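In what comes next, subunit A is part of two complexes: it sits with subunit B in the first one and with subunit C in the second one.
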Partner chain A sequence: MSAPEEESRDTETVLACGEVRTCLLPTRDAVDEQVAERLLRLRADERVRLSRRPNRHAVSPDILTGVDCRLPTAGGAKIRAVGTVTARAALVEGRVLQATAHFAAPADGPDRRQPWGYYLVRPGVLVPVGRLARQAVVKGFLTGQQQDELDVGSVAESLLARISRQHRLLDYDTPLNTTDTSLRWAALPAADGEPAAPHFTVADDGRRVVELRLPRGTSPAAAATLCEDLALHDWLLTTVADKLDGLRLGSADGRAALKVLRPLVDHLLHLWMPQARVDRTLNALWQELEETPGFSRQWTSLAQRIRDQLAVQLLTRSDALTAS
Partner chain B sequence: MFAASDKGGTGRSVTSANLAYHRALDGDDVCYLDFDFGSPTAAAVFDLPDVLSEAEGRGLHSYLKGKTGEPLRVDVWSRTEHPVLRSRPGGSGRLVLLPGDRTGGEFVTDEENLHRCVDLVLRLKREFDVIIVDLSAGRSYAMDLALAATSPRGGLGRLKTRWLVYHRWTRQHVMAAAELVYGKQGIVQAGVAMGHETDALSASIRFVRAAVPNLDSPMWSQVSAAQYAWMRQCDTQLEEIAAARGIGKTRVLSSIPLEPVLQWQERLITDEDVHDRRIANVETWQKMGELAQRLTEDKHWGQL
Partner chain C sequence: MSGPGTVFRETSAQPRTESVPFSHLSLELGHLYMEDFAEGPARLRRHFAAVRPWVDAARAAVGPLPAGKRPRISTCFLIDDYFSRLSTPAELIPPLLQAAAEAGLSIDYLARESGCAVAEPGHRDRAELAEAVLHRLVESPPPGSNGFRPPVSRTGWLTNGRRTPSHRTSAALDATGAVWEPPSETGARGHSVFVDVELWSGPEEERLWSCAFLASVWQLVRLGLLRHDGRAVLTPAPWDDKEFPAEWDALPPVVRLNPLAAPFTAYATCSVLPARFLPVEHAVRVVLDQVHVESEALRQIAERSAAEGMPVPAGIVDRTSYVFPPGL
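And then the complex of A and B:
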């Protein structure tokens, strides 16, 4: 009886970290389910998961990447970790592509490096050689890695690149220019009675940083899904706000404005759907973000502004027509 | 857009940078990749003195070699020390430089470099309207990389690609430019060997004549009648040589006049240089703008 118990003890993870990269799929129009399935079929032995409610969503099988390197740490502590990083890609409504790479880590591991077999039975787990200084890793991870330290962002990026390279399925003729975003997250279990408040900040280089306290027993995959959802909605807000920021309304016939507004209506406005797939136990976290900074509030205001602008353009045009 | 030239000193980098600047002024999001392995100059043209040292180990060479996951990006509007550029005009697009490493040098390219190059361009394509890649002079590894990447099986085959070949308006340069494109070791032959179709590839190549003396401009009004006649004759002869080698007027996208400011300094010519300070010629400004426009006007491209 003792063997399984010990097994479960040393695989209990106390930390989950990851990075999400979000971008527009490089095609003129959103792709259908069939193309989505072909784009995300990254492994022959596992299927792409497709769902249609409440929106169209496709998720690739998990891809494991073996690593044996130092974890980023604040304060220069050297922690070597060995194991696998899990990565997957998702396509929302055939339009927005996301790649996530994440790992979980137990509080301590064997003092010596084990053979690969030991790590391979723990997919998505990085086992430290010795003890894990949790706080130092969270801080180091969120501030960014140094040379020769683990870079999960590049694992996510390489997945995006791999999908973007499928030129038989993609036309690379996007209807609008958008900037990719990266969101880096770290989650620790919440202490008893501690509120599950997320910390959402934007670093100088544009990287989004989220620090989470999650209810005990939350799986790393559920945390990753939450962060994908966050990243998607943050990307939508950023993209639409950027476009409206540079909008020139002064031009005579409003054609310049229409050129900017039209693709937003055609491709992005319908994608807003917070918590579509987030685990119910994590609802409270989203609620916090709705309070401050108020994701949906800002979105509603932006969407309203776009619709108002379009209505004004229409009026101006019909006025001009009547006058002539 | 790939910028190539037959030799050094043709104003390839400086004209391409001005082209990028004009496109950004017109509202396009533009990024400029300094692939001039060996002598990266773009940072100087955009007036970014700190970038050279910053790019050490983080520039395009390091990225292509796999030493860094992401190459350094520099926002020109916010980082430049150029007084006019610092105030970004309303309605302008983004202008981003991806610098090369100072100590990069030429290197032999392999499959992995190719993949990295393709991934980078596909990624930039999502963000930018125009991607300008400044290649080194002559046939270079960078050019082979570009040809391989844009070939039908290279990964960038479905992107609209255009090549500009810069040359000066002298007999040697005209012949060298023709050789660079149509010669045995030229771009077309090399491209075909990598899977390009001859017609499609040559339809995507145009020439830019740089530092062309405009004999009717005031700059030459003081020359003697004999000198004038001789220059006219040279000009006509050059036109004949160019036509005979397949780089006559129909293949020229634009001729950039000889500009004294550029003779002294590799820099961007701004509206202010032309109209307020009056140090640069208005023709130069107009021609740079014309070149920037024609880059994406289909009627100037295609099969002749």
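And then the complex of A and C:
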């Protein structure tokens, strides 16, 4: 039996990794708080966390998945880890659905697998069997796993699927077509004096990669919240920019353009709200991304363009009306 | 995000976990089938006489406690009113208490097994307690489980390892050398003792929970580890009446018979049981090893027990113990 201080020391984690999947909730209209709660009620005895300020946000209880497998590593080091991956789902303004699966890992662990109860009292922690080469794991994790290696994306995906399968609550008639994104992240504690900078990479087919250096003592849950926030806003930018890309705005009657612009106004424009729930100690990371590439700058420009276009359409129409 | 400097908080966004009082030990004074009760008072007296010396031993074994501290120990008895109801509380309970008293034992808390299935029979809207625990099972992954292929569950069964892969076998195939693969216990020392536990039977709407699963819920309740939306469950109701009702459902799921008793929930449990329950309790340990308890409840217990100088083991299953005495 070990004293609590000892317990916390031996599970002090040195690395956190995860993946966020973001998609439009498959319904015509955004769902209200009551439906959001029913969608995310993954356990009978635990509440869905509901928040209304500064926007409507619902978070499911954490769901654990047991794993015992090799971690992806760069350079082919073989590191077996045992424990649980934690996953949760969130619904933003009843419109955008996100699922996050993540884990943290200590620098080393017992030389053999322990009884399962040992891992269950450390939810969301994967304990290595032996030592953890954390740089190799971060690199390997961000590059992508080989067959038989840990697959957190699948854990997030199966949670999304579980929520999207609730036919009684969803009508599957989305107002606009969007591409799902997956954002894979890995975070290491920043060395003393090292700036807490993010490296954000946008890859093809909706894949995003973020490498983070976080202030010491940042909880894996706080890192996950930050990455959910990044993923949500990246998804909004991607979706709106894709819709405007190649849109023939100057066409004689603006109906085609209106058909595209209207759902963006109805469903997405009000969702932009960076750092709504991100831990204050992580503000600096967002600021970095506001500098380059300038998330909010791009969004403001896109939103302005949509509003301008709608104004122009309106003018053109009233002109046409007066002329006839 | 929250803390002393919090400017703004929403109660619906930040869950609270109710704390419960704790004894050092919850001591269970045996368990009987309805048929045993039917055998009459002599059977009950024999039961408690056989339990008595082991109760004394279990009491003596609590600790070590810091000097000057008296152990808080509460006793309990679980009546099986779930699988059969041959008798009524009014007929069954007084002779039970009488027989215990004759052996010098007092039953502080009396619980009904159906309370472990449905916490509050009056509230059908409330989820069943057993079902809530079912949702908290996180299966122990056999080596090779990577998240893409989570542990294979077979609806309603839980194992301590990996099952024999299911092949379509026929005599002809076997003759040509299809290889049978044995099941295996995860983390076995050398050789496996593989267990596959049936958690319930019947269709989902009218599930019949297994004795092993309800016994697991019973352990979790005694260990003070279950909550519903953050609130305590199966809080003992005081019962000062000498009379007992004619209907089981008229009796609260857990009643406190001794007003001076130490708290019902405890840091550790000890159950004195007839050896015929050994397979059931092995199954209970397989289940307890795979239940994910709310972190906040665990943290409260770890802190309070450590502050009392008697820290609890981290693993839940390590908080339970058993005595299987001869002649019970």
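Convention: the second predicted complex is superposed on the first by the 315 of 324 C-alpha atoms of A that agree within 3 Å, B and C clash if a C-alpha of one lies under 4 Å from a C-alpha of the other, contacts with A are read in each partner's own complex, and residues count from 1 in each chain.
Convention: a residue touches a chain if its C-beta (ideal position, glycine included) is under 8 Å from a C-beta of that chain, and two chains touch if they have at least 3 such contacts.
Model, not experiment: these values are computed from the prediction.
**Student:** Following the superposition defined at the top, how do subunit B and subunit C come out on subunit A, clash or fit?
**Tutor:** Aligned through their shared chain, the two binders fit side by side on subunit A.
**Student:** On the A-aligned overlay, A:296 touches which partner chain: subunit B = first, subunit C = second, or both, or neither?
**Tutor:** neither
**Student:** For A:85, using the defined touch cut-off, is the partner it touches subunit B, subunit C, both, or neither? Pick first, second, both or neither.
**Tutor:** second
**Student:** Tell me the contact category for A:143 with respect to subunit B and subunit C: first, second, both or neither.
**Tutor:** The answer is neither, since A:143 touches no partner chain.
**Student:** Quick check for you: in the superposed arrangement, does A:68 touch first (subunit B), second (subunit C), both or neither?
**Tutor:** A:68: touches subunit C, not subunit B.
**Student:** Can A:238 be said to touch subunit B (first), subunit C (second), both, or neither?
**Tutor:** A:238: touches no partner chain.
**Student:** May I ask you to name which of subunit B and subunit C touches more residues of subunit A?
**Tutor:** C
**Student:** Given the superposition on chain A, what is the angle at the CA centre of subunit A with arms to the CA centres of subunit B and subunit C, as a multiple of 10 degrees?
**Tutor:** The three centres form an angle at subunit A of 100 degrees.
**Student:** Give one of first, second, both or neither to describe whether A:154 is in contact with subunit B, with subunit C, with both, or with none.
**Tutor:** In the superposed model, A:154 contacts both subunit B and subunit C.
**Student:** Just how close are subunit B and subunit C at their nearest CA atoms in the overlay, in Å?
**Tutor:** Comparing every C-alpha of subunit B with every C-alpha of subunit C, the smallest gap is 6 Å.
**Student:** Show me the subunit A residues, by the header's touch rule, that subunit B contacts in one structure and subunit C contacts in the other.
**Tutor:** 151, 154
**Student:** Would you pull the subunit A residues touching subunit C in the complex into a rising list?
**Tutor:** By the definition above, subunit A touches subunit C via 1-4, 7, 42-47, 49-53, 57, 59, 64-70, 82, 84-85, 101, 113-118, 120-121, 123, 145, 148-152, 154-155, 158, 222, 277, 279-280.
**Student:** Where on subunit B does subunit A make contact in their complex?
**Tutor:** 29, 69-70, 90-91, 118-119, 122-123, 125-129, 155, 157-159
**Student:** In the complex of these two chains, what residues of subunit C are touching subunit A?
**Tutor:** 1, 8, 10, 12-15, 127-128, 131-132, 135-136, 138-148, 150-151, 186-187, 226-230, 288-295, 298, 302-303, 306, 311-318
**Student:** For the complex, which residues does subunit A have touching subunit B?
**Tutor:** Per the touch definition, subunit A meets subunit B at residues 23-24, 26, 151, 153-154, 157, 160-161, 164-165, 167, 170-172, 174, 177-180, 246, 248.
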